Structure formats: structure tokens, C-alpha cells
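Please find the structures below.
Two complexes follow with chain A in common, the first pairing it with chain B and the second with chain C.
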Partner chain A sequence: MLTRTSRLVSGARRLDPGRLLHAGSQAPQSLAAPLDNQAPDDSPRAVSRTSEKDPARHGEQHEGLHYNIPLQDMRTLFPHSLPPRFSMQVKTFSEACLMVRKPALELLHYLKNTNFAHPAVRYVLYGEKGTGKTLSLCHVIHFCAKQDWLILHVPDAHLWVKSCRSLLPSTYNKQRLDQPAEASIWLKNFKTTNERFLSQIKVQEKYVWNKRESTEKGSPLGEVVEQGIMRVKNATDAVGVVLRELKGQSSLGGFRLLVAVDGVNALWGKTTLKREDKSLVAPEELALVHNLRKMVKNDWHGGTIVLTLSQTGSLFKPRKAYLPQELLGKEGFDALDPFIPILVSNYSPKEFESCIQYYLENSWLQHEKAHTEEGKKELLFLSNANPGQLERLCAHL
Partner chain B sequence: MKTSSVFEDPVISKSSNMMMKGRNKVLATSFMMQTLEAAAIKRNPYTIFHQALENCEPVIGLVPILRGGHLYQVPVLLADWRRHFLAMKWMITECTEKHWRMLMPERSLHELLEAFHNQGTMIKKYDMNKMTEAIHALAHYCWC
Partner chain C sequence: MAAPCVFWGTAVSYRLFLGGRVSLALRQGVWKAAAAELQILRLRHTTGVTAKKNVAALKRETYTVDFIKKQIEEFNIGKRHLANMMGEDPETFTQEDIDRAIAYLFPSGLFEKQARPIMKHPEQIFPKQRAIQWGEDGRPFHFLFYTGKQSYYSLMHEAYGKLLDVEKRQNQLQAKGLFSEKTKTKDLIGSRWLIKEELEEMLVEKLSDQDYAQFIRLLERLLTVECSAEEEEFVQRFRRSVTVQSRKQLIEPLQYDGQGMAFSTSEGKRKSAKAEAIVYEHGSGRIKVNGIDYLLYFPVTQDREQLMFPFHFLDRLGKHDVTCTVSGGGRSSQAGAIRLAMAKALCSFVTEEEVEWMRQAGLLTADPRVRERKKPGQEGARRKFTWKKR
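Presenting the complex of A and B:
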């Protein structure tokens, strides 16, 4: 096996015998070595996949490789929340593969070493458009799901501040506005993701919904969620109750809470919603946004908060803005102030190769010249190693 | 018009130029790319495109020739470029006329796949059988 690998390896690559012969892990990426459990090939093949399905065991040696998420997990964890192009890709290839990348690995490392007695740490994933922030967030969510955390995932906070059909004055607080449609969708998805916890967690106060219905103290959280789904008018209040309960109870240590919000700059920007008298609505006046802001404050412990900035759905922000300061504005930045920023950048050369290999393996890149050196150079040039751009370019090749 | 891109295909470029309206090349190329993307599932979109256009090409065309004050429609063997042009033109007019409430990429994908399998409206409309009657009538008038 060693003679074959030394023949196959091109001069530029360095061979690391320790890694190569390691029993459980896969060969380092782009070394043209046959895998342990596959039949050896004669032609050099760069490796782009790993069979390590548990994100907890992803380490630096898996960087740049794709790992497979079983489709059933996808349906429970992400019932609504994948970016549209990625979900089209999942449908086409009939498998969901995420690439293990440095920012996600960094985050996982921090998460594994968190001290749950301290207040929740905030991590903000930021980067230019199309670099993979949302998918890194998905990676982290998958990891937390495997570790049995409770996941509070808001797929896109921008959806709550724009193009809402129905705005009702809030039943709880007269000055705020409710959004029944969005709240009920979110409750349904929350239920799908966290089925197990809904019966374990008990509500700590009595909540009166209207004259006939109320939730007693000590009843499971699932009842509150059901109430919100059935009575759409109370959905926003149900969301508020859920968030308040989870925040209070995660400090007690029964479970660990992950708050994952995508597009968090929506919470502090402007909205495009108007009241009946055509006056603009500020984000504080939306009950959903108000509750989510309370959640994102780090005055609780027993979990972490992972946020993603997003320019794509944001309102009234310039297209090239990607830094936290620009997208969050002064108010948002002050509110989020002690946070750990994690930059998500374009593909490194290794990751780029791996991505192209993955597309070739799934016979997505069909052009004859696609796997030649010139083709790859051209794709690199056109996309500038930006994952989103590369995906769009490869779509029609 | 010729790019130095490795992935350039003159047929695709020509078709997307013909689809272009109002100097909107961006829109035309985006339609083309969306069609190719939809056709690219498990098969090579370029081979499909080329094959479909070849299936649509007419072999003989009717050319009006003026003789003795009368215009005769004479069957004539068409040149290469004329055939390619006619195939593309017919394909695009089919797609634009019969929208069927579908968007352009979907409709053109539909036409492409039908032409690839030698079925569909393209083949029926511009079939050789129509030409054979003209051939019978005017074969001995072929002065070309």
C-alpha cells in the first residue's frame, strides 16, 4: 500500500505516515490514497468525504471534508430553516453533506469547553455574502442535538420584520404588536425539533390565555406550545412564555440551552411593517422581537448563544456591509457587546478542491473540461473561492 | 462575443443571444443557465442540448424562386448554418409562444427533453413529411 501511495502522490504534497496509517480516521484530504474500507483504485483520487458522522469527533484532520447528515435528522433538526439553494442540493443529491470548516471547528471547540456556571457566552458568526455562515450554524446545531441540548433555532430573524400579512395589537401588552402567522410556524418547528423536552420541562407559573383557557403551574411545556399552535391569536404570547420559561429553567441545570439565531441584525434594524395608519413600526414594538432580544441578553447561564449576521435579508443596509459594527448598528452592537466574533471566510485552496471533488463525485459538474486544471482555475477565478458563488457557477456546468 | 473561458460553448452562446430581448443579455444567459441546471440532473446538459437541436434540424427547406413572373417554393438542401439557425429559432419561438403558465426555463427544458427523445411539438411541426409533398410537386423544377 505504501508503494502505491508514493507513486500516486504528486511532488507538492507531503506524506504524513502517522496520519496515513491511523486506524479509525480517514486519510488527509487531497492525498491520493485509497481509504481503508474502499477498494483501492489505480488512478489518483482526491478525497472529499469522511465517514465520521458525529460532529463531536470532528477535529482538524477532518477539515475540508464533507460529512453526511442522515435525512431523518435533517427533518427533525431543520424542518424549515435551510437556505433554499442548499435544500435544492439536498433534494438533487438525495443526501445532505456539510463541509467541516475552520470556523465551525473553532466554535465546537469552544462549546465543548464551556463552563455552564458562567453567564451564556455569545458567539457571532460574520462574513461576506455567501461564505457559509448559515451552514456553519447548522453544523453547530447538529452537534448540539447529538449532545442532547435543547435547541432554540430562529432560522431567519429577517422574516419576522418584513412582509408580514397580519399584525394584531398584542393581547398581553397594548403597545406591542403580535404576529400570529410567524409565531405559529415557529412553534410548530420548535415542537418538531425538541419533542423530548416538551414533556420534561414544567411551567413554573400559571398563565391565563383568555376567559376559558389557562395553563396551570407545573404542567408540561408541551401544553403551552399546543395552545399557541391551536389558538393562533395567542401564538406570540405562547412564544414569549416558552422563551421566558426556558431562560429561567436553563439556569437550574436540567438541560442545556442553545439559542441559535440567523440574521440577528434584524432585531436592531428598521422594519418594513406599517400599522393601519401607515406609521412605521419600530422593532421594539414587535412582541416577537422584544422577547428574542431578552433571550439574546447574557443574563442567564446553562447554555450558549450562537448568532449569525446576514446582509442578504437585511433591510436598508448596503450590499457590501459584513462587519458586525456596520450590520448591527450602534444599538445592536451595544446590546450584544461582550461577544466573540468568528469570521467565516471564503474557501481555502484545500476546501475548494474538496468541494469540486464532491461535485464531481455526485456527477454535478458534467462539463468535460470541468475536472481539468484550467477548468478549476477558471472556477476559482470566477467565484473567488466564495462557496455561494461556486455553487451557483457549478449548477449549470 | 467569443470568451476565453474554458467552458464556452458557441451553440449555447448563440442560442442565448437569440433569446435576448431589449439588450438584456443578463436575463437571457440566466434563462439559459437555469435550463441547463435543471437539465443537469444525472446527465450532461450540453449533450442534451446539442442532441435536441440536431433532432430539430430540417434537412430540406423551401426557398421561394421567381421564374417567369411566378414565385415557386422549391425544395432545396439547406446549408449547415441555415439549419442550425432554423432549429434554434423554432425552439425559441415555441418556448415564447406557448408559455402554458410556466416560466421560460421550465418551458424550454420541457421542449429540450422532448426534442431529445424525438417526440413533441417541435418534431411534429417541422417534420419531413410536409416537405415530401413539395418535393413531389416541384422536384423537376429544381434549378439549383
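Presenting the complex of A and C:
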């Protein structure tokens, strides 16, 4: 009975967001207020959702509650880049709900108060495995997208330093190596995310790709991206060009740039790639990594850099390492210094309750003991309030 | 086939007896008095059905009284020598001291405890044997000899006699009007009747199940009526005490640390993993293993479920903080060792009844399973080599 009534309530709320979506982003402000007033009334029933769509308005009172991201936004913002388990959950529930948590709120607060005249500030999200760093990053990206920033999102830097099929010597610089496959994928996703900026931004220099093709000065950035997608051999160079242009032009103030990199410790670790003569490749010899390192340096202004450390995909790092010092190594730490570290920890009791409630509402927990107090205590013990572990446990129930 | 053999057997035995009569003559006098009681004396030959081959019966060990006596003297002298060797007082040298001394002087690595060197009183080593049941003239001593189970029937006779006495006394009291009801059941708790094997051993005689049941019924009937002290004593001879298992569980004392928080420590083992756990009384359910959070130390859910078991059983999931150290073994045996240590430590925070429940649930028993040795001629402990027909 409890689940049915709670589902009815959330069903009612779901209808309203649908209407709000069509009405545009202005309308929610007036309609959100009465709906939000409903939320405190339901608190005895352990509410897990909020109807506040805009991350800009997420505040302390929304902590622990899930908010819905419309699927349209999902496709534009995150065409490739969600963690696999989360994207499976999105597909199953046919909705994408993120929990509003303290680290993300803190970061949003900083972002709202950034001074764009100063050099870009670096924020590093770190924490133990499975605590929610990547999803916090997604929350921040959603916020920036709503605020109309240009988003440079690298979903997982670890993918660039391992299991690469094709390594070509770079056309631009003989000592470096190209990765055409990864670069072209990234360019495609970049295009999907930032469609409208590509025609606005104009290239500052002339770039010659090969004997027949070149990009003139003043042509839109979209052309460079197209070039990279079509001519896969030049994809890596196209990426380098894009990064350089964006860095140069963000200082001018035409747009705000968000650089979001997940798994940034890959840039300073080791690779598992080998050349034909079986010698190991160092990360700086990869053109993509080299350009990204330049991007992450804070010698430009007009935007921010948000980074996430990740042990899951990292190479040659112990399982229990999660501190920046351990995962980045001395080189990486020095390169990223100074930065603002933000710790992402396990769920607080309130957040845990909210998560369980969310699963119950979506009828994800089928075990008869799942909604009882003892069941919740068991889950709490077994997962120790770790979001990743909890998700894996609930998948069995 | 059987009948002539028996006949021949008895004839032979009679002849044997005649042959041995002279040597026995001196001892007959002593034995006549003693034979009425059930003494542990040597067997000369068997009565009743003998084996087909008398050779086998002859070969059975016969210990003469002399032999047993000599053994007892040797044992006592040896005991005194042993006490001197160990530097202890020969007068107060008990059997436990003897066992310890022998284990010290003759250390043995044999797994079978009964194969190790022992030094015990000859009465415990040499098996009990029946006395000679009849005298020189062939007349048996006991009046119930020809029943075949003389000791059993004499016991029944005695018990029934006592019952009749008690009833007669009760009738007399009732007639006088001094009869008073009194029930006593306290003697029965914590003790049990002798089992059939024990009774057989006591009577040195084979019994059947029905005989045994009959005897126990008679004794119980004796208990229902009010009896005097000597009858009580008679019945108590046939009862053995039973220790309650759960009282053997050690409960660790509580200790108090600097802040006044109560905690309790205990150890646990599983395969080759040893763990020590400190359980604090008030906490929020955090567990630290070797200084690392248990979620990181045991990434597998199964291990964490093992840790959850004691708390979940007692419904105290989020109420205690635990710090433990563990070494040795593998992932699963470390989890089992910590579980045992935590359960034992929790005993001190919990009522006796719950301790008994935990014991019955198997939380307080150390798992005795160890890796079985690989045997030669086999591929593993049980697996044999592939059998090839040719």
C-alpha cells in the first residue's frame, strides 16, 4: 500500500514536470513553488524527489533529493559519457534522476561566484571508489549547460591511454603519436554537445591539413570539427586546434568555457600502449594527452576546470588509493597544483533513505523485506552507505 | 551339527576344570565367600554356548588373580618411582599427575590418543571378567545361577524386595495415620539413568532391551513412592549426572576504556586465520579491519554478509562499533574468524538466553574444518587418479 500511494504522489509530480517542460524554462518558477510546498508535507513518508529542474536553483533544502533530467538534455549533453551502470539504470527506469548531494552543491556555489577575470580555478573531485564522483560531475555539467556555457567534456581520460588499436605518428609533430579513432569519436560528441557554439566561434589562424585542404582564418569552428570527423587521419590535430582556439578565445569573453575531465589521473600515469618496436609509450608522447594537459593548465581565464580522479580505470595503481597525491603521482600533483580538492564521501543517512525510497518508487526492490526497517539496516550494513555498492546490491533484489 | 559340538565343548571344559581343580583348591575357601558378590576376578572357562572351536575359547586371555595382583603391585611401585623421578611427593601422586608425567617423558606424535603410551591402574586396563560361578562340588554359588542371567535377576529381586518393604512401611504409616505426602523431583534433574551398555558393563553380563526396560521401569516405580535414605542411595547408584552444555560457554568480562565506554575483546580462528575483535558498546555500526574500513577490506559481498550475521541475529545492526585485527588465511577464512571473534565478544553485552540462542545458531562454535591431507597414490585428498581399464 505504501509503495502504491507513494507512486501515485510521484506520478502526479511527474505529470507536472511534463507540462513544465513544454512551457519552457521560465514557467517552472511559478509552478515549482506550490509543488515544492507539497514536498515538506510528504516528509513523514520519506520523500525522495524534487521537482526542481534547474540545477541553478538547487540549494541546501534539496539535498538528498532526486531531480529529473529530461531525456532530450541527456542526449545532447551526455551522448557517450555516462558510467555504464547509470546508463543501464536510465534505460530501465526510462528517466534520468540524479541525487543532489553536498559536494555538487558546494561546487555549484563556487561556480556561481566565480570571477571570470581571474585565471581558471581547478576543482578536483576525489573520493573512494563508488562514492559518486562521476555523477557529481554530470550534475555540474548539466548546470553549466543550462547556464549556456561551452562544455568540453572528456568522459574518461583512461580510454585514451589504454587499448588503442591504431597509433600513427603525428602529422604535426614527428615525435608524438596520434590516436585517430578516439579523437574522431570525441569530436563527434563535442559536436553534439555544443552545436550552437560551433557556428559562433571563428578560427583565429589558418590551418593547413594537407595539400588539398585547409581552413581559412575566420571560418567557423564547425568546419574544423567537420574536417576532423571526415578526415580521420587529421582528427587528433583537429582536436588540438579546437582546444587551442577555445583556450585563446575564452579569455576574450564571448562565451564561458567549462573543461570537465573524468579520470584525470590518466594524464600523468603510465600507459599500456606500445609502439611497433614494443617500447612503452609515455603519456606525453600522445598528442591528445599533450593537448589536454595544456588545456588543464590554468593559464587562461573565462571559465573553470573541474576534474575527477578515478581509480577504477587507472593503470598500475592500488585498489585502495583515492587521495590526489596517490593517484596523480608527484608529476601530476605538481602540474595541477594549486587546486581546490572536494571530497565526495558515502551517503549520509538521509541520502541513503532517499536512495532506497527512489528505488522503491520505481519498483526496483522486489524483496518483501526491502521496505522494512530491518531490511534497510541490512542494506546499510552491507553497502556501508556506498552508492556504487548499494546500487549493485539492489540490482539483485 | 551344533548340538554335538556343544556337548563336546562342555565335556572338554569339564575335563579342563578337573585338571585345574588342584591348583584352585587353595583358593576355594576365599572365593566361596567372595563369589556371592559380583567381583572382578579372572575367567577360568565359559559356561553356556561355547564356540565351535574350543581352541579359540582356550586362547582367550585369562588373567589369574595372582597376575592381576602382581600388576597392581608393580603399578604402585612404578607410581612411586615416577613420583621420585618427577621430584614430587609419592604419597600425593594422583592419576592426572601420572598422565602428565608420562606425556612429558614419552612424547608421542601419534594422532590416535589411545595409541599413545599410558600408565593406568590395572583395573582400568585389563577387562573385567566373570568369577567362577560354582564350587568344588559343581554346585553354583548363586541361587539364581540356572536362570542364565544371575546378576540381572538378583538385581531385579533386590529392587522388588525394596519396593515391597517401602509399600509395607507406607501401609503401616497409613494405618497409624502418620502418612504424609511428599514428592521429590529435584533428584531427577541433571541426571539420567544408566544406558544399557553401562548396565551391562556393571553386571558383566549380556542383557536384552526388554530386560533393560523392565529394570528401569522398576526403578522409576521405586522413585514414585516415598523411600528412605538407603533406598535413595540404591537408586542413585544407577543414575549418572548430565552437565548442561551451554554452561560451558565462557563469557568475557567487560572492560572500560578511558572515556568510560564499555568494550569487550575476544579472539576467533578459522582454518589458518586468527582474528581479534574489540566490540564497543555504543556506536554507529562502523567496523575497521586492520585499520581499513570493512567495505574496502572485503570487497566481496559474501564476506560482508558473514560479518553481518552476529549483529543481524541479535538485532543490533547499527549499535556497535568494532575494531579488529586479522592475519593469516584467505579472504573467506579471515571473514569467518572475525565473525567468530565478534560473536564471542558480543556475549558479554547480551543476556544468557541470547547466548544460548547464539550457540544453537552455531555462532560461537569454531569451525573445525581444515584442509585435508593429500594421500600418496591419490591425486588429492579424495580424488583418485584416472582409472584406466588397461
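As a working rule, the second predicted complex is superposed on the first by the 353 of 397 C-alpha atoms of A that agree within 3 Å, B and C clash if a C-alpha of one lies under 4 Å from a C-alpha of the other, contacts with A are read in each partner's own complex, and residues count from 1 in each chain.
Quick note on the criterion: a residue touches a chain if its C-beta (ideal position, glycine included) is under 8 Å from a C-beta of that chain, and two chains touch if they have at least 3 such contacts.
Small disclaimer: the values here were computed from a predicted structure and weren't measured.
> For the overlay on chain A, clash or fit between chain B and chain C?
fit
> Of the two partner chains, chain B (first) and chain C (second), which one does A:391 touch, if any: first, second, both, or neither?
neither
> Quick check for you: in the superposed arrangement, does A:320 touch first (chain B), second (chain C), both or neither?
Only chain C; A:320 stays clear of chain B.
> Should A:128 be classified as contacting the first partner (chain B), the second (chain C), both, or neither?
second
> Touch check for A:262: first (chain B), second (chain C), both, or neither?
A:262 sits against neither chain B nor chain C.
> Quick one: is A:380 in contact with chain B, with chain C, with both, or with neither? Answer first, second, both or neither.
second
> Quick one: is A:63 in contact with chain B, with chain C, with both, or with neither? Answer first, second, both or neither.
Neither chain B nor chain C is touched by A:63.
> Give me, in Å and rounded to a whole number, the least C-alpha distance separating chain B from chain C in the superposition.
After superposing on chain A, chain B and chain C come no closer than 5 Å at C-alpha.
> Can you give me the overlap between the chain B contact set and the chain C contact set on chain A?
374, 378
> Which residues of chain B touch chain A once you look at their complex with the stated criterion?
It is residues 5-7, 32-34, 36-37, 40-46 of chain B that touch chain A.
> Sort out for me which residues of chain C touch chain A in the complex.
Its residues touching chain A are 285, 292-296, 299, 301, 304-305, 308, 311-312, 315, 317-318.
> What residues on chain A touch chain B, complex-wise?
Residues of chain A touching chain B: 92, 363-364, 366-367, 369-370, 372, 374-375, 378, 395-397.
> Show which residues of chain A lie in contact with chain C when the two form their complex.
It comes out as residues 128, 319-320, 374, 377-378, 380-384, 386, 389, 392-393.
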